[in-house]
Amino acid sequence: MEMKSNRKYLWLLGALAVLHAAILLAGFIAPYDEAAQNREMPFSPPMRIHFVDSAGHFHVRPFVYGWKHPQDDFTVYDVDQDQVYPLHFFVPGAPYKLANLFRTNTHFFGVDAPGSIFLFGADQFGRDVFSRTLRGGQISLLAGLLAAGLALTLGTILGGLAGYYGGWWDAILMRGAELFLALPWLYLLFAVRAFLPLQVEPKQAFLLLVAIIGLVGWARPARLIRGVVLSARERDFVRAARGFGASDLYILRRHVLPQAGGVILTQAALLVPQYVLAEITLSFLGLGVGEPVPTWGNMLASLMQVHILESYWWMIAPGVASIPFFLGYMALANALEKRARLAAT
Amino acid sequence: MSRGECAAFFMNTNETIQSTMSAGVLEARGLLKVFTTQGPFSSGKASLRAFQAVDLSLYSGRTLALVGESGSGKSTLARCLVRLEEPTAGELRIEGQDFLALTGSDLRRARKKVQLIFQEAMSALNPGFSAAEIVAEPLIVNHFSRKDARDRAATLMEMVGLPGSWAGRGAHEFSGGQKQRLALARALALNPKILILDEALSGLDLSVQAQMTNLLVDLQAEYNLAYLFISHDLNLVRALSDEVAVMKNGLIVENATTEMIFSRPQHLYTQSLVTAMHTLQEGWTQELAVLP
Amino acid sequence: MTYVTRRILHMLFLLFGVSVISFVFISLAPGNYVDEMRLNPQISSETVNALKAQYGLDRSTPVRYWQWLKSLTRGDMGYSFAYNQSATSLIWPRAVNTLLLTVSATILAWLLAIPIGIWSAERRGHFDDRIISAATGSLLAVPDLLVALALLWFAARTHILPTGGMVSLDFDSFSFTGKLKDLAAHLALPVAALALGMAPILVRHVRAAVTEVLRSPFYLAAAGHGIPRSTLLFRYALRAAANPLISLLGFSIGSLLSASMLVEVVLGWPGLGPLLLEAILARDLYVVIGAIMLSTLFLACGSFTADLLLYWQDPRIRTQ
């Protein structure tokens, strides 16, 4: 039983790792730069990859067809089987920084000019949705991870101090946490966002977003950590340690925090998807990171216009792309909680 | 001569020990502990007197037992004697030094002299630690080097009858009795003068209790330790201690040699305890007699 | 102090705290509506200054807070600069719409979740249960935003339901039943979106709570007495499982309000959500605070009601 669940757990971690790797290597996997426009192909539908051509021949190297516009109408796209663009792998393309570390311009796949390959279609400026989804994922996921880190750190410190020292600190902190938890979280985010200037550069907006979400989210983890620390403090081995002269810092480090470790990890697995969702929501509503930097949130914003939603369904790609991540994190949180429960017995 | 007879030889049965012997390694006078439950935002105060007017003396190489039922304040007193809780009032001297007035590094130095062993070995040892880590912890905390601490830990384990090769095992791999030995080894790490055993043998099997009792006696003889043996088990008390103090509702109602307590208890409460013990024993022997 | 009194005081303290914090936050915001008006050359600076004086925007924050608090007791939430009307007249109808939406969605979600959860608990481990668990798990992973967009797409494609607003343009000309039907048609999408967002978690909790009860000795004894199954489930099991579920109701109101804000904006339901968003973008100070306070009030009232329900339901709390 334990072996089986261990195996499932490892598979889960592996799957999540692959997903994150894909996002980390976004620059490599995406054929185009996120800002590259193609004004001749606004709202291009997704292109299919073919192995068998119109004559029925099988090709080892996959290819895509080009588009032609009947009657010079830019809004209608027909498959043009005369334009065949084979896929090449490890092609040179627009320069980028791989994992933000070193510069290169090799992309995983691409097609020769003048062809384009839009796996997920294109938006109103002819920008490749696939590339933008991958890049957007970098921003959204990073925002979620950083904000979760911030909230957890803050929550652990404050909750830990409250639980360990008790007394007035504990009371004040817990009342404060209650106030933060008394507001619906989205309203709270809005309130804090309202306090800040509206027009900000995307980079500053990103940092602002992370700061807001993280600072607002300290309350829930703080309460949980406080509980763990409170019960750990009362354990006899903590008393014994004090009995031979251990300092508070030593006790916190050696005895209390390891007990809290399980809770912290589970909280992390729960908070990251919540905060990614928060970024998506805020950017979607125009209060987060704005154009031209893609995030999963602001890419979905255009879908509020019903005609776009109806006619250009592929624009929902960023939303759909987020689902496996949410599934993964939820499963991870479940698994972590189960392991923590088993370890406590 | 048994220990009790030795003591009786030296004193008057109707006087308490303190007045005829020299000052002990631990002297407590008039200790008082009152709990007030009043936090911010809670409704109303309530005060609870854990114990009061407690006078105790511990002597090197001798064992004082503290007897009483649960709730009589024994454990709180034990914690106060090592300053895990602060007494509300009273005087406490260890080797002549005012223990209650110490702070900081002075306190830390003085703390080494008196160590407490808890009842529940399970909760007194961090389950995530290895045996060596547990036993060596007092040394690490007091800035011994890792290597010295580990070597000393192995020695200490041998002292309490555990093989040194078990040092790497996790705490959860030890049985109840073995865990108490680890706790004992840990308590001895800093060469204390005084050991306070708070119901330390209570959770153990009879045979393990016997082994532990022998171990404690040997250690006491070898290192001239003073013991405060807190228990509600009068048989253990009789086997292990030189003097007995009886506690009821936070007050010490009688304090005399073991011999006196068991043969001629003065206080009503002590009498009832001793009678109960005898009755129980008689009942058992009667039962045993009936069995084929 | 009785339990009820303590809960009321607690609620008041919360509202007070939130009001102070939001007021301080918002008034620290760089720029307010009046300053933005200054940039408009058509409005003379005398008008701007007069407006500023009238609404005390040139006084210090504590003074403004006190004035605002005083006017609150008269039911006046301040002035909306963006819409040029009293904030109350703007906020209140929107709040009612939000209430309508959230209450309907909650009822629908619980009506769905309770039977499904009970069914799932009964058939625990069987195929049906596994399917339901998989369905709730998948639905949980889909963000509310996507659910709302998906429903919007569905409505736009099939033209069965209207895609925005609360009532049709010719609402006033309808008969009473016509009006009801129109309202319901407009309500359908937002309620569905909200309910679909809430339901999976509710189903899981109901399933967990009922499973606990189904295993308990008192239930097994009752079953042994031959009591019919429906009575067993609804009178015995549900009653016993009610405790954690009522607490869940109290806790879920916060996320319900957040979710409703998003759904309102996406699906065009005229509630507090879109109003708050516009007010923030327009820096309309009093409307922002009014909307936030009202949402907090709803949350506080909701959890207070849950507390009362718990108190009435669970005799053990009464003896505390």
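Should a chain be cited, it is by its letter among A, B and C, assigned in written order, with residues numbered from 1 in that chain.
Methods note: a contact is a pair of C-beta atoms (placed from the backbone, for glycine too) under 8 Å apart; a residue touches a chain by one contact, two chains touch by 3 or more.
Note that the structure is predicted; figures quoted are calculated from it, not measured.
Looking at which of A-C and A-B shares more C-beta pairs in contact, the answer is the pair A-C. Among the remaining chains, the Cα-based centre furthest from that of chain A is the centre of B.
Averaging Cα coordinates per chain places chain B and chain C 59 Å apart.
Remark: chain A and chain C have CA centroids separated by 26 Å (rounded to whole angstrom). With centres set at the average Cα position, the gap from chain A to chain B is 57 Å.
On chain B, the positions that touch chain A within their shared complex are 39-41, 79, 82, 84, 107-109, 111-112, 115-116, 118, 120, 123-126, 128, 137-138, 141-142, 183, 186, 189-190. For chain C in complex with chain A, the residues that touch the partner chain are 14, 17-18, 21-22, 25-26, 28-31, 137-138, 140-143, 145-146, 149, 152-153, 156-157, 163-164, 253-259, 261-262, 265-266, 276-277, 280-281, 283, 288, 291-292, 295-296, 299-300. Against chain C, in their complex, chain A makes its touches with residues 175, 178-179, 181-187, 190-198, 277, 280-281, 284-287, 300, 303-304, 306, 309-310, 313, 316, 319-320, 322-323, 326-327, 330. Residues 167-168, 171, 235-237, 239-247, 250, 255, 258 of chain A touch chain B in their complex.
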